[in-house]
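After the structure tokens below, expect a handful of questions from me.
To keep things simple, chains are lettered A, B, C and D as they appear, and every chain counts its residues starting from 1.
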């Protein structure tokens, strides 16, 4: 090709329109959301959690039964077109009970993760960052709370407070952050000596800021894993609390209670275990996949 | 370090003391005593029994007597199990729980860490999905349901293994499996998360540039860094799992410490409650100390005994 | 001098959430035995990706070598398996990274990290490898090398760490060292020491060096030949001396202008106007066009790499035989006003 | 050295090894040894001190009293070959068989009985069940430390004759003698060794079996006691009692052939097990009921209480919820107790005091009490201790009250001892309750609601009732006693202090080939004459 002489005329070179996606400078959250969307398992988990939440809120109004309606002659019926999940030992519609149970169990899951993410993360974060004597004292308090038998607290709480959902939250709040505190503290001990923390400290950032902006975000992996794993634990602790008498009063039943009732009749009526257990397991899988997805998308180090 | 250890040991004793005191108060605060029974006892008998077990002493005296005894290592006689000492009870049942727990932890570590590594190396590809799916099942299906299903399949349907009891190696398989699900999942996920962070670090690129094999890179350069959260978790986990799980021990009729502990609370068997609490707490604080020491071994940058450099 | 390494038609893409990026675009170059070659460019221009492609340590995914061949002597590296590449890395080609803090493993001792090289490539036992590691530390002028073996990276200063990196890179007497911004994280006096160290290794043992930097000053102090990269392409390649005296590409000129020089105190620092190119939307013509003060009509078409002197090429229409400015370039480059 | 392969192979060996070992060593019942799932770990095997049913079941194999309980609940001679009774019913003389031996070969003497009873009453032993011996003359006084042991009404006249004096005539004394608190103990051993009951070696008994091994919280192994006087009737070579509280474990072990006999299984499995013929339902002397706290409004109103009691559909409850072939309880004292005429049943003579599911009357009573259709009724809470069965019953009854009376009752559950505490202290409105007879006489039920009874959880105070019960207690004339007790029972229902639900039964999970298991109406299981049909 032989260029024409005019081709060499000087000319302002028009800036080509930049593609919008990066040019506008996507925020941290937009970026995280984009990564999350690309993680199919995490997305599936999120969708399932939204669906089950929706079902828990609206479902009982459409099932046509109440969680307490009994029909003794119809007890222990296997799933059918009338009772999709079958009936329990008092002839109550299992689907309705599972949907109601979702309300309790999901709120307990949310409460447990909230406690973990606030009390546990902050406590562990402060202990790990402060180090030395403060760390020692704070972690010994954790040891003490670990050491005192949980069952004793719970019986006492039950006697003092009686049954009720709020009291479960209280019982969880007392001890449910201990594991998280230990894990966060361990992480922070490990990362606080790294350069970027020292740098932040040299620029005069306050300890609170260093903790919130540098240390905790860099511990996001273990934090999210501990949280997602704390949810099922809390849901089953609730079943145990119900056993002691601190839980929700019968005939209302959580997933944990439904499952522990179902497990007893596993051989004769396996469906009575199957549905609550499936509900729990799929929800837990969803939380875990979502947790993994969040972990991957929120971790500042995973961004390139 | 020596100074730090001495400090820690002193604070461990303090922790134990606080735990014992709190447990003592709690256990006397809750309704019902060791001799609360469905059929109310005649007063004379109630009196005789209280006298025999010194329950009619003022609370502070009972507490002081207990501490004095416990300090000598004698955890006292059980209130419920006639003529049996708490020391005996722990001596008999702890080895059972510990054996079962050790098997479960061994499996959890052997399965969880490799699964976590594989998942991290093949991040967001099929091996990752499969490893995470399998280990997540371990946590999504709670122990008591898992136990029931295992019994149903392996004991009742296939008739390969005993459904319960603690009689020989075959009886350890199902309870250990039921017990190992949760820690396996936890360890796998923490390992995966830690590995993924570490594998993005510059020093891993350096290691690759050095021509090291994938295996050396993973085991020597990555794993140690990735294990801090796992180790943190292992401390309380080991203490908890070695001292036994009430649920699993009950379902499988295993004569372990976990069953004793919960039963003792239901029975209000005061000395047993306190004795096992002391035992468990001592184990826990010791393991937590080991965890903190392990931090230093894993990561030389961590200092525990600091305080002046801040 | 025989050719040591040859890179032919190398193209590398990165797959990201936002789309695919062409990070290295059809790059060709070679380096002879004993030669020192500099690669210069702004961050994101593809110089590090090129280096990592040579080492075969590009993170795959997201990176992908979509085209090209790399030869070391007669071996085609791009055709080797991972296992075979491991025999090359560290042994025949070594790499030094920018940040000696993060590039060294914080939880392993210095000794082990160096000894690993001998264990891996010479199959030595741990103790023997440690003895060699001590020598390696000595050879990069680290005082008290024996004591260092037991230390961890965080116990060393930045300069010391980089010396450790160099000791590690040199351990197996490689034919080629790729130093990717080895001095960027260090202060100036240490920079000079590190460059001196590299130079002495080049001169004493004939090791070829590819020095990657955004800093023309550092390049000038070590390299015989220089490649300038922009938006994934080589836009100019020349003997160092030619490049400094007769820059033939407006971008190179801009870079030279932005180097602080004592003789131009009063003029202040000049910088290149505009932003580095967005790799998602590289202009269809000359990639530097939008920022170029010399832009012409023809720059909307892709320029080829044109010869402008002995071993001197530039990817600019100004150097085209039809360009009115070609003579000026041949005489003194863009430095002539 | 390749760590990867090494670890992997260890793992493989471990998993496959333990699975394989499992297939080979899964233990099944050994030949002619019967495995019985015996409930919780016994708290003590000293018959003088033990209280629970699991303990009683173990002791029933290794000890034997003066009498034993026959298949129909009647007392039969055991260590006592025969006996004489004085006309006033206060004095007994027991003649022990000469061939009764301890498991170490020593003869069982009257002295062993005397010692056992007196030491059980000794305040320093602090036996929880000492009150079971309060029937003996000065038994209570000695236990309270008021008199010395020589005053207690039991005396060995010679090695084989025991003289017994009672505080008051006790018609059911002979069946009491089969109870474990009245078992003998081996005097020399017990006197010299406080820990005798904790070790199989020193745990010397006089029953058909002896303990050879006791793995705490796991199992107790027995073999035949060759010195037992009636050894010819003992067919099993040995027994193994498996100690577990878990009903699911028990069932799984039964179905996996790890145990042969059990009693504690999930109710939901009853229909299936009844169908396959491995579940038998035996009568059990107990009443399941809801106890009203007669001091707490609105339950201080007998009409409200009665309405609640009438509005329970017991038939439906038994058919669909409890499923254990229980009999609906429309009175207080269960079936299976003799009336004045030995062949007549106290319950059949007394008849029913209620009609099941009498909604019509219930509604009327509620309206009369001032709460028509349940309107204006203060809130009522039903308290139960945590247990699947109690919960289901409570839920079902709650629903019946809601449907039949329009009353909404809330449910509260509590951990066992907290629950006992609340119930004993009267800190409840309606509480789930169950009462199991200690001995085979209606009195074991009737005296519970005396004003000063420690078990009067209903807080019931009725002097007339107390008078009737005392009259029955002080009389040795069966006619007088029974009449007084019928009248007292009538009074309980006039005042409606409780809502009986059903009379207990006791399930027995047993392989069809196993015969000769005696399951007494008091719930105690005897394997003495058990054998396995080939």
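To be clear about the criterion, contacts are C-beta pairs under 8 Å (C-beta built on N, C-alpha and C of every residue); 3 or more make two chains touch, one makes a residue touch a chain.
Just so we're clear, the structure is a prediction, and the values are computed from it rather than from any experiment.
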| item | value |
| --- | --- |
| Chain separated most widely from chain D, comparing mean CA positions | C |
| Central chain (distance from its CA mean to the mean of all protein CA atoms) | B |
| Pair joined by the larger number of C-beta contacts - A-B, B-C | A-B |
| Geometric centre distance via CA averages, chain D-chain C, whole Å | 89 |
| Centroid spacing, where centroids are CA-atom means, of chain A and chain C in whole angstrom | 46 |
| Mean-CA-position distance for chain B and chain A (Å) | 23 |
| Between chain C and chain B, distance of the C-alpha-averaged centres to the nearest whole Å | 53 |
| Interface hub residues of chain A, defined as touching at least two other chains | 155, 159, 193, 263, 266-267 |
| Where chain D touches two or more other chains, by residue | 248, 255, 415, 418 |
| Multi-partner residues of chain B (each touching 2 or more other chains) | 30-31, 148, 156, 299, 301 |
| Chain A contact footprint on chain B (complex, rising order) | 7-8, 11, 14-16, 18-19, 22-23, 26-27, 29-31, 123-124, 129, 132-133, 136-137, 139-142, 144-145, 148-149, 152, 156, 182, 185-186, 189-190, 193-194, 196-197, 200, 228-229, 231-233, 235-236, 261-262, 265, 273, 277, 280-281, 284-285, 288, 291, 295, 299, 301-307, 310 |
| Of all residues in chain A, those that touch chain B in their complex | 39, 41, 130-133, 136, 139-140, 143-144, 146-149, 151-153, 155-156, 159, 178-179, 182-183, 185-187, 189-190, 193-194, 221-222, 224-225, 229, 232, 236, 256, 259-260, 263, 266-267, 273, 277, 280-282, 284-285, 288-289, 292, 295-296, 299, 301-302 |
| In the complex, chain C residues that touch chain B | 52, 55, 57, 59, 82-83, 85-91, 94-95, 97, 99, 102-108, 116-117, 120-121, 152, 154, 165, 168 |
| Touching residues on chain A, where the partner in the complex is chain D | 68, 70, 72-73, 75-76, 89-91, 155, 158-159, 162-163, 242-245, 249-251, 261, 263-269, 272 |
| Parts of chain D lying in touch with chain A, wherever the complex brings them together | 247-248, 251, 255, 266, 268-269, 271-272, 316, 319-321, 386, 388, 391-392, 394-396, 398-399, 410-415, 418 |
